[in-house]
Structure formats: structure tokens, C-alpha cells
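Accompanying notes for the structure given below.
Chains: A, B and C, in written order; residue numbering restarts at 1 for each.
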Amino acid sequence: MDRTWAVVAVLLVFATGCQSEKPGQARSKLTLSGASTLAPLMSEVARRFEAQNPGVRVDVQMGGSSRGVMDARQGLADIGMVSRDLKPDESDLDAHPVARDGICIILHQSNPVASLTDEQIVSIFTGKITAWKEVGGADKPIVVVNKAEGRSTLELFLHHFKLKNSEIKAQAVIGDNQQGIKTVENSPESIGYVSIGAAEFAAKHGKPLKLLPMAGVEATLDNLRNGSFPLARTLHLVTKKGQQDELALKFISFAQSPEAHDLVEKQYFIPLGK
Amino acid sequence: MISWRSSTSSRWGSDALLLWGLRGTALVSTAVVVLIALFVARESFPLLHTVAPLRLLTDGSWNPLEGAYNLAPMLVGTLLVSAGAVLISAPLGIASAIFCHFYAPPLIARGYRVIIELLAGIPSVVYGLWGLVVIVPLLGQIRPLGTSVLAGSLILALMILPTMVVVADASFARVPREYLQAAASLGLSKWTTVRSVVIPAARRGLITGALLQTGRAVGETMAVLMVCGNVVQMPARLTDPVRTLTANIALEMAYAMGDHRAALFTSGLVLFLMIFAIVACAELVNRERSNA
Amino acid sequence: MREPGPRGADRLATVAFWAVAVLVVALFAWLVGDVLRHGFSHVSLSFLSAEPEDAGRAGGIAPIIVSTLIIVAICMAVAVPLGLGTAILLSEFLPVSSRQGRFVRRSLDVLASVPSVVFGLFGNAVFCQRLGLGFSLLSGGLTLACMVLPFFTRTAEEGLRAVPREYREAAAALGLSQTGTLAHVLLPAAMPGLLAGFILAVTRSLAETAALIFTSGYVARMPESLFESGRTLSVHIYDLAMNVSGGEGMAYASALVLMVLLIVLNRSATWLSRRWSTQKGVAS
């Protein structure tokens, strides 16, 4: 039927037409993808950027730091969000820091345990300690919540405690920070680790969480600022080396500028330069 | 169908165009599955260069970032959750269909069938939502967190139940009237008739249906992703969390690179072959029936 | 010849079967009841017409409904011509036992058993990356088209085969071309069956989630072009349930909207196919 051919032909034209023009370049649209830690902040920055630049649209997708790296490399995203430093084999990308954050252990608010030593944390996550009463809590089993691979929060956690992912014995595996927070807030026996910014945000918005100090240092923004908190990290926006897209670079400098600092602080991160 | 095969018999030019257009669409339709098979196979091949296939079952664990690619825990997870689901829903589904055919008054039977038909259309993500919000916390009372093999099997069972009922219903409808009449003339009670006449007569259809639903359970992603806990381990108890092959692909696909990505495509291939085998078995059983 | 068996066994069986029936209905009443109960309070006209706020915990689902409709439209726009063309070829031009016909049917059967997550892999590799479409409504729609193709083709073929022989003979006697017969006789006659198949394919695509997560993405904003990412109702439900704490209420509300939509579609399909079978009887 001629109709069939016409439809198929139109679709083929569409498909081949898009091959030459990568979406996002030379159009007023930006795509960011990557770490769930950065996503809420970037969504807010995107909104303000759109308000200041009418006709521009910025989309933010999550998926983890590794995805941010991959999407930036393959052009699936204009800017990648990575919640760690770039690795040596990622030298084909440029990193633009936008904020400082940390990683902390979170417990349910009702859990009487107030702090854990590094050794206790390692033992809990490797399954050597399995009941809360062994660390001064109630007589309940510990539910360990681990992050899925590809998340830089996981990588940094493992690196800091000198663990390998295969050594961790978890009862639940989650992806984004928000999922981790949701799991811990629904289950009083659980223990997990997330970005300090995400945890603070949740706690200040009424979620029944508490952030544990690490190695005796409280997980507060002040301690991040003065560098005393042991597990700190820099959040980056990454682009492919030689990324010429004006819009992407404009967005990045906007995100790094003092204009965006209040947004950074609202998410309980530390703006750079302060 | 009138024999139109030879377009030379038609004196209309537009007909020749029509035939070629139709052949084109059929070509594209057939090409899709071939493309999928080729693509998945191709993306899996890189793995074979660096990882011997046996390692997919013998490596220490599934930790792609450390170079370990053992699929076994997830295979076991898939099998356990699916088997559990079918073991729960098949008896319930068959019993419901028996109820419709033999025990329910016509009005109730009709209403029941309408309800089942509507339920067959509930999307898997809604089952997952309900499972996550209702069933998982309930199971969490027994053992935190509640996300487990059991949760997965229960929710999947619920999901495939309506279709099981429909298939069983159809099988029972095909049981020849004469059988029932003969049983009645012998004075058999209803339960005896059902047990010794109807079920054996419908057996092949029931088995086919159960196999097809197993295939569906194996291929299910969303519901198990939401309620099984996603921990890669060999479950020791029903209340242990697991990760199925499907959930594994969904979780890691977004950021997998190189060998890891190839491993995921390989597990996709394995998944597809499993389902294909199950469906082929179902067809064999079905064909046996019509030959018998 | 009375079957020697305690009446008790029979009575027990009756009780058991009624119990199972009640149990099944009760379980689903629980599920549907929960969706109704928790979702109803959030559903309103503003819910259907507003943008989501606060990660979806507040506001509405308007952009999501729009994205869903666009993806389904793309899906059917591709699946219907392909499926209908294939069905016509199978039904009108190839004898049932032809090798070509069997091959086509076999490949469609195999396609129907591919799990949805593999479609997601395929869609991501081919549409998003190879064809450069990225995360877009277009990628999602095309992937879904591959998924519903076998179902629609099968139903369309059945619909065409059901048109009585006499119609074709009459058309041939009148000297109509094949194209003419198709356009003026067969397709109109098979229309209720075809429509029913169309609607069922739509319900299938509405329920799909896994294949879309990797192809059309998660963005919950009003799409402005086919090349933009967008999320469907089912993906929205998934995100709210898994990632957004406190998102259950809105997830239930979205689920309610989705289920109502599906029920309406399902009922229309049943009504249409019933009309189709009575029409068959009338046409003589």
C-alpha cells in the first residue's frame, strides 16, 4: 500500500535526519545526566538558568556518576554530573567543580546508637556484626543498605574504608540517594550511607533520619567547610574535552558562579570559593 | 483467501505496487526479531574474548567492576521467584476456572469472568507499587526489610493469576460434552467428575498455560525490581533478598561499559533463550495434544 | 453404579472451590481497593492538568499524560502500517501452509516472547545510540512499536481471515482490483476486529515500563518535540514508588488514572469484537 511506503519513508527520513544533528547541539536544549547526588541541585540551577535565558530548556537525568561519564563521552548528554574526582582513565573529559559534599552514615531516628567507630562500620558492612545490640543498640538485626555499582558514593565509601564491593554483605541494594533515604526512613533497623547534602535535606524536611559522626567528627556543613570531616568529596560537572557548545559552557559557569551559591546551600552542599 | 499469489493474473498496476508494498512490510516485521537477535548476540560477543563462558557460572561473585561475572546467583533468583509464582498461581488459577465452570451459578460465573478479564489488564508496575507499599512492610514484620524471594513470588503469582484463570477456563471449555454426560450417566459426583474426568482431559491445555505463564514470570522486570531487594546472592531462605536477571539488567544497564555491558547483554541473551525454551516446550505439549 | 465415595469429599470440594474463588476476589479487591482509596483523594481536574512539583509529590501529571499519549501515538503509527501490511500479506496472499508464511509467523511468535528488558537493551543500542536519537519520545515509541507488532499483526490477521469468502468472491465477480477489494470490501468488513486489535495493542503499550526506562528516559516536563525525553504514566509510578519518599500517594493516583484508562480501552475492545462477531453472523 502506498500509504505504508509513505509512512516508512517519512520515518526513515526522520531517523537519518537525526543522525547528522545530535540533539542538544546548536539547539536551545541541554541534557545533563549522572550522579543522583547532583541531580536535585542541578534541577534547581537549571530552573533558574531557564528563567534567565528564555527559550532554553535544560533536562536533568539521573543514573549514577559512571553514567554521567559515559553519556558525556558518547554525546547522549551535553554535561555529565559526577560526584567524585575524575579518574586517570577519564582524561578525555574536563571536570568543572561546582560544590563540596561529604558522605555520611545514616540511621533511623529511633535508633539509640549515636556513633560508630570506623572498625564497627567495617564490621557491620562486611557482615561480622549483625545485631544492633553488639554496638550498643536494641536487640534487633542490622539491615545493611548498600549502593549499586557505578555509583561514586559506593566507590568513595569503599575506598575510604579500604573495602571491596565483594566483601560487603548487604540486605538491600539501592540506586539513587533518594532511594537509600527512603529505605532507611522506612526501616528502623537499617543502616546506609548517602551524600551529606541529601541526608541533611531530608532530615531538615522532617524525615526520621539521623546522620552519624565519622571518626568522631560530626557530619555537619561546618566540619565539611573546615576540612575536618574525613569523607569529603567535590561534585563536578564534566564535559568532553573540546566541548565547544556555547550553551553548555554558559550553563557551567552559571552553576559555578556566586549567583548559584544560594541554591547550592539550599541543598546543604558547600559552594566553592567559600 | 482467493489465490492472488501471482500478481501477473491481475490487470491492475496498482496491485503489483500493493503486493510489493505488503512484502516490504512483512520483510520489516520479520527483520525486527532478526535484528534484535543479531544485536544482542553482537553486543555479547566481546565478553567471550576476555571471559571464558564457564566463568559466567564459576566466578566468585557478580562484581563486574572487579572482573567477576558470575550469573549463577541471579539465575537462581529468577528461577526461584518464577517457580514460586507459578506454584502459587497455577493451583489457584485452575481452581478458579473449575469454580467458574462447575460450581458457580451462571450469573456469578459471568461476573467472575468479567472481573478476571479486567484484572488481567493491570500493569506490572502497579503490582510492584502495591507489593512495595503493602506486602513488603507486612513481610518486614517477619524479617526486615521484607524485600525477598517470597515477596517476589507472591506479587508475581498475583500478576499471572488472571491469565492462568483465562487459559484454564478455555481448556475446560474444550473438554468434550460427551465426557461430562458420560460421567453424569455413571452417577459420578461433581468432585469425582472434575477430579477424574475433566482435569485429565484438560491436562495438556493446563500444562501449556502454566508453561506460558512461567515464561512470562521469567521475563518480568518491574515487579521483581521493586520488591526483591536486588542483592546479588544465593538465597538461603525464602525471606532473603535476591536479584533476578531482569532486574540486574535494569539496574546496571545505564552505566555499564565494556565487558560489564557485554555481560549484561549476555544475560539478556540467556534470558531470551530460557523463555524461548519454555515457550517451545509449551508448544510441544500443545501439539502433542492435537495429535493424540 | 453409584461411585462409592463419602458425600463429605464432594461437599469439601465445593467449599474449597468457593473458598478459592472468594480468596482470589478478595486479594484483588484489596489491591484495587488500596489504589482507589489512596489514589482517589489526589485525583482531580487540576491533577490531570498541572505539572508535577516537588519531585512529583505535589502538583499533577499533565506533562506525563502528554508524553504517554505521544509515545503511544508513535508506537501505533509505526506498528499499524507494518502489522496491517504483514497481516494482509499473510491472510490474502499466502496460503496457510506456505513456507514464507510460516517463517513470518514464526519470527513474530519469537518476537512476542522477547522479554521487555531485552527490548530496552535493543532500543537503547539501536534507537538511542546507533540512530542518535538519544533519550527521546521517538526512541521510546519505536521500541514499543517493536513490542506490540506481533500482537497487532496476529489480531489483524485473524480479523481479516474472519471475513467471509463470499465477500472476496463477490468483489472478484465485480471486477475489482486487489487494491480495490482490500480498500472497499475487506478492510471495512474487518474493521471492528482490526479496531479491537488496535485498542488491545494500545493497552499493551500503556502498561510497558522496562523498555521505556532506557529509551525515553525519566524527564517529567512537558515535551516540546519528539526528540525530547519524557516519562509515561507507568514510568512515573515506578519513580514515585521507588525513589521519592512520600511519593506513594501520587503513585497510587497515577496508577488509578492508568487503570481507569486501561479499563475503558479494554471494555471498548470487547464491545467492538462482540459487534464484529455478530456482524459476521448478520452478513450472509
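We take it that a residue touches a chain if its C-beta (ideal position, glycine included) is under 8 Å from a C-beta of that chain, and two chains touch if they have at least 3 such contacts.
What you see is a predicted model, and the numbers here were worked out from it, not measured in a lab.
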Not counting chain A, which chains belong to the same connected group?
one piece
For which pair of chains is the number of C-beta contacts greatest?
B-C
By mean C-alpha coordinates, which chain is most distant from chain C?
A
With chain centres defined as C-alpha means, what is the inter-centre distance between chain A and chain B in Å?
35
Just give me the whole-number Å value for how far the CA centre of chain B lies from that of chain C.
17
Two-or-more-chain contact residues of chain A, please, as numbers and ranges.
1, 4, 8, 175
Give the residues of chain C that touch two or more other chains, as numbers and ranges in rising order.
81-82, 84-85, 179, 182, 242
Two or more other chains are touched by the chain B residues 17-18, 21-22, 24-25, 28, 254
If you look only at chain A, which of its residues touch chain B in the complex?
1-2, 4-5, 8, 63-67, 69-70, 140-141, 143, 146, 148-150, 164-166, 170-175, 183, 186-187, 189-190
Chain A contacts chain C in the complex at 1, 3-4, 7-8, 11, 14-15, 18-19, 22-24, 29, 31, 40, 57, 59-62, 74, 76, 175-176, 178-179, 181-182, 185, 202, 207
Sites on chain B touched by chain C in the complex
1-5, 7, 10-12, 14-15, 17-19, 21-26, 28-30, 32-36, 39-40, 43, 92, 95-96, 98-100, 102-104, 112, 115, 117-119, 121-130, 132-134, 158, 161, 165, 186-192, 194-195, 215, 218-222, 226, 246, 249-250, 253-254, 264-265, 268, 271-272, 275-276, 279
Once bound in the complex, which stretches of chain C touch chain B?
1-3, 5, 7, 9-10, 12-14, 16-18, 20-21, 23-25, 27-28, 30-31, 34-35, 81-86, 88-95, 103-104, 107-111, 113-122, 124-126, 146, 149, 153, 161, 168-169, 172, 177-180, 182, 203, 206-210, 213-214, 234-235, 237-238, 241-242, 248, 251-252, 255, 258-259, 262-263, 266, 270
What residues on chain C touch chain A, complex-wise?
55, 77-78, 81-82, 84-85, 128-129, 131-136, 138, 179, 182, 217-219, 221, 224, 227-229, 242-245
